[in-house]
């Protein structure tokens, strides 16, 4: 059956990548990015990264509303809960071991145990901000990444299964890929793959894992005939707005300083987002006869996703190209590809995050400019087509690892607590069946 | 007919102002305010302006909720959409040519093309922040200004007409007035008109344009008998709260530094807003027998509007006077003046923004204190009644230009795509007729 | 009758505490904390505290949604209004006399009148931020504290009574306790009671006052049989999220600088909150068979409350203990203690704020570490059990003063405008009876 | 005693209500309903997918009245509820055996006034 | 078989429901309605404008039952639904020709129990 | 003329609607109701307190049709509305004295088609 084969293939690919990396790239380890504990704290930089951390935290409840508004009324609480429980759980996991595995000195593949339980992670400067500031900023990234996955599996995944997935996934999928890209000695960073704020680490991992979970879960009852319109568009709009504004912290905060590159990242984030939102609206108008607000919000999120890896490396004109591209790629991915392939990705996490993240990571290799960020590289249109190689390796490796490991985790959960709610629970609604709660009780 | 006459009069007045300005003031051009590209970046200032930019962005979705909550259920999506599409569209327009026309070196009337497509707008310091930071902060102002207009025209203006209006208006109305007040060499700045954060540039332009659009559109079906209560007061409250908090970025950010004047602007913003919200509540209680929450929110917005031009120039006691005045002026403007004059300004953009902005710009000339801001001036009660002259000219010129040009744009749109939705579309609701969307689908 | 006795006892206790303090502690006055007007402004610190002030302001509308979502549909507007009017009123009270009474030089008990109407409160540096920045940051604390109280009395307290309570309570309860702990020469600060961000000043005062008001008001009609589920869980979740993110400003901002301690406070705030949210969910699952989202949100708020006094003094592991403890204490307080004692605390302000604040203030004495904050102290597990003494005194004194004075104010209000709405008004709903407003009008 | 039940357009409720007030109807009860008949539904769009909504919002008015007033009531509803386009709705008349006013326990015609 | 239809105050639903449970009624269906009769409406305020809401929220209870239980049911509703103030509502009784239980296809009295 | 009133499960609305379309029913009106019968309610939890919700969401379908079609309609509803578990609902049939189409003023059987 296709599922098994797919799983096998991706696992093998992941293994190959890992082997290749361990032989071919181990000697090229970049100097530790997060680990150099020197320098003094700059209050302006620290102010910006603390504010950015708050901004990134608000993204996850924003996501809860963005997703929840599109879910059905009887699944609203559960949909929001899936995001909210990630905040509560990953915040603890990250402090206890997640941060250490991701960012402590280790090998090319994974971090060490030095910073377990934040031992040795204190107020001293890392670059120009306290080490704790860097730690908590990264914590918010780990939170939102898994929360993104939930959009694909809402309306049918058991809450206990989701709860079990959280620490497993964050440990086995997120931490390694995060270390590869941003950790000291990580191999993807080592080969020069550029990912400013998480196109691979955040969006490909979440989107690819979402795809695997969709395949293991199967579709909702009656899909695709039973597809319903969003139950509350204002919540979806508000959620998209909170994502947009929080994303300034996500991207511009990833500079870890309040400098010119942060300003540039802020500008291209806004520009690409606007372009993608606008593009999706135009496509909606063309294909459905009317521009929809949910479409514009979806497009905006697609733009945010795509500009993420590029945000510290490209200029405004590059960001327009990336944004328009994101609108195109994610629109057709969410509308046509999903239909063609037939999986039930409830809220289009694959179409928007996996595809948008891949496009963004690739496009970084096209539009990056050394003149924007001397710590980056020139991209293809600035005469360096070779940058597309590490970018492509980064994309492929993230897909492979996320798919392979998520498949294993899904199997484990399937045969322990079970993945999918019973048909009766699904029909009654996940809110009452999983939580004994009802989103709206207007009779009271 | 009155409309034509009005249009004629305002156009002539605009012309006269322009002529007067070109002869009388051209030689008094102030040194470039935004354009001096020197100095070094201060990370604290940059952190504050980046954070402020994020805060100002959140105002527009906040406005979408503030307006949407007061609109009818069947027009909720369209009302929010009008704000959201402004974000997507003006973000692009501003980067491509809006910023250059507003802030590049040009003449007394309009900026040049030097910074088109952000050529030459980079990470170098403007004052103590990167030029890009200043650019994106100003972008958020251009966005919210046009979004404010939408409140007057909801529930009946065609979406295509609105979409067409966006780039036209931002180019022909916003850019010139912005240049007059804040651009290098702008004539209103040159004659010493004080406008710290946009009483004229933002609120008079939006409110005056809203009035003109109301007149061209005509009333909603059945108005005023058909006036309905807000469909969702929680959204209106949330929107007002997001406006309030975002406005701290708007006003205190306009100092372009995290210094004492920013702190002062923050304080007077909060104080005036509270006073105006409280005043409106008292008037509600007196006139309608009960204090309403929507009234307090409306009052708060009125206070935010009125303190905007004054925020960097007045002290706390001045802000109390401005806030109480805003509550009075805008309450009577929204309730009695609208009724007396009979235009259908659905959500009181004229009463709150045009009147509140005019009051604030005038009151700046009364309560400004050199001791608060040495870059400002003393107002009438500090012995300098002459400050009321440039303030009044600023008010009159903004009204005139906004009215005149908006009238021309409205005519253009009326005879191309058409301004007003058909009666059937209005009755069915703008959500389903313009967007094939329904805000709430609780049956699903 | 019990009420009278309780009132008497608390008043006497308050008196005793005051006397004891005036004799025993007056000589140990600490140097003025807020009042030393020297140094230069650090733009980064100022940026952070201005941003924090904005974050703390958003907490109050967040609270309005958190409470409103749990209230009944027909009381939604009134519930939000109670928070919103506090913003409008206390902002004015604070500027006029509240700040001076709390923070100006005075005696061990209360501040002086030096800074009435902000005379002498200007842009000059206090520490490294403008004095005005400190003033407005503290203003936001005064606002949220009283707003917290409203959760206990919603659905039955007359709006006029609440409006009258606002200036009285903020002047007679908040200002003294604030001065005791944070004001120059305040006696609780003097004896070394640690309260970083307001466990006593904010949460015990609000929770204890809520208890007294509940007792004076009596229960809602039909209580406890008539207890209804939350009318809108998404608003409750959104409110909790805004509280969480705003609380970063609350706690990490209380350092008044963007330094390492701010980073540490940020980290422990997030950790304790996540732990408490998780703990409450587990208890829900164990006791009710399902984890509820409202439970997780309640737990998160409990965690935020408990970590508040400790946030600048404890490390991450201490924060886990405090968070788990908060989940336990507040869950049993809200569910079992309330039932056992029988008072009608509608939204569990006593269970969460009074108990959570007390636990947090006590736990600060257990888990504080000098190595985290050299300006703090070591707690019991770091070899200094004596720290529990000033902590306990602080807890007891805050309870006593808040209970005693609130009882007096409640009596005054009861015999002037009256405390409780008529049964008919309660049945009709507070929205229509107090405000002539209806939260949702979907028919329009 | 008869019950007159009318399914009308949402936008016509106020006009019909006013017309009934003019003929001094004794009272009425309104319910939000959704309906489907000759009139076709509307189409919503979500992420490129068309979702047909074939039940449209309507309003049901119920009026219980003495037999003699029925024709007047029907006339008023038809007069004010009509637009001439499909979807205007229907009126159903049925027999009510007994009426009780809860407040007083009164029965019969006195109870509906 | 009869259908008893009662329009009552929203706040009385629980009491009436409890009373019906006591007399072991077979089941009931509840609808949110809005109504208008002797009782006047309420006035909302928006930006200084008074907006009259002349339809007040009510609840409609429908109970189908054998003829013999009708008087008991009416008595229970009147007893528990009454406040004595205008707006308490009305009860309408009409005839039902046939009842079917969907689950089993049973007809007649067996179907309503 | 008869009115067929069916209380069914929310999740069965689409299936029943489709079945009625197949037998070419003339139109229908749908109301959201809550109900209570043999089927027990559900329990919500709020802060450790269990709150019993004994009225479950149901949907009411009303179809007015000529007498001859009634048995076909009932059969279609039973067929598609049945799950076999308690809570499937009931069908009530009653007599309608008169039908008017508002759009045209037509009366009787022509009006319902």
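Think of it as A, B, C, D, E and F in the order they're written, each chain with its own count starting at 1.
In this text, contacts are C-beta pairs under 8 Å (C-beta built on N, C-alpha and C of every residue); 3 or more make two chains touch, one makes a residue touch a chain.
In this text, all values refer to a predicted model and were calculated from it rather than measured experimentally.
Hopping across touching chains, the smallest step count from chain A to chain F is 1. Path length between chain B and chain C in the chain contact graph, taken as the least number of steps between touching chains: 1. Shared contact partners of chain A and chain E, listed by label: B, C, D, F.
A separation of 18 Å divides the Cα centre of chain E from that of chain F. Distance between chain C and chain F, defined via averaged C-alpha coordinates, is recorded as 52 Å. The centroid of the Cα atoms in chain C and the matching centroid in chain E are 46 Å apart. Residue positions 31-32, 44-46, 53, 94-95 of chain E each touch two or more of the other chains. Touching two or more other chains at once are residues 42-45, 47-48, 51, 228-230, 232, 238, 288-290, 292, 294, 435-438, 440-441, 443 of chain B. Per the touch definition, chain D reaches chain F in the complex via residues 2, 6-8, 31-38, 54-55, 58, 60, 74, 77-78, 81-95.
By the touch rule above, chain B contacts chain A in their complex via residues 41-48, 50-51, 53-54, 57-58, 60-61, 64-65, 68, 76-77, 80-81, 84-85, 87-89, 91-92, 95, 117-118, 122-124, 129-130, 132-133, 135-136, 139, 159, 232, 235, 238, 434-444. Those residues of chain A lying in contact with chain D across their complex are 70, 227-230, 284, 287-290, 292, 294-295, 298, 331, 334-336, 348. If you check the complex, the residues on chain D that touch chain A are 44-51.
The part of chain A that touches chain B in the complex is made up of residues 42-45, 47-48, 51, 55, 72-73, 128, 228-234, 237-238, 240-242, 244-245, 248-249, 252, 257-264, 266-267, 270-271, 273-275, 277-278, 281, 288-294, 296-297, 300, 315-317, 320, 440.
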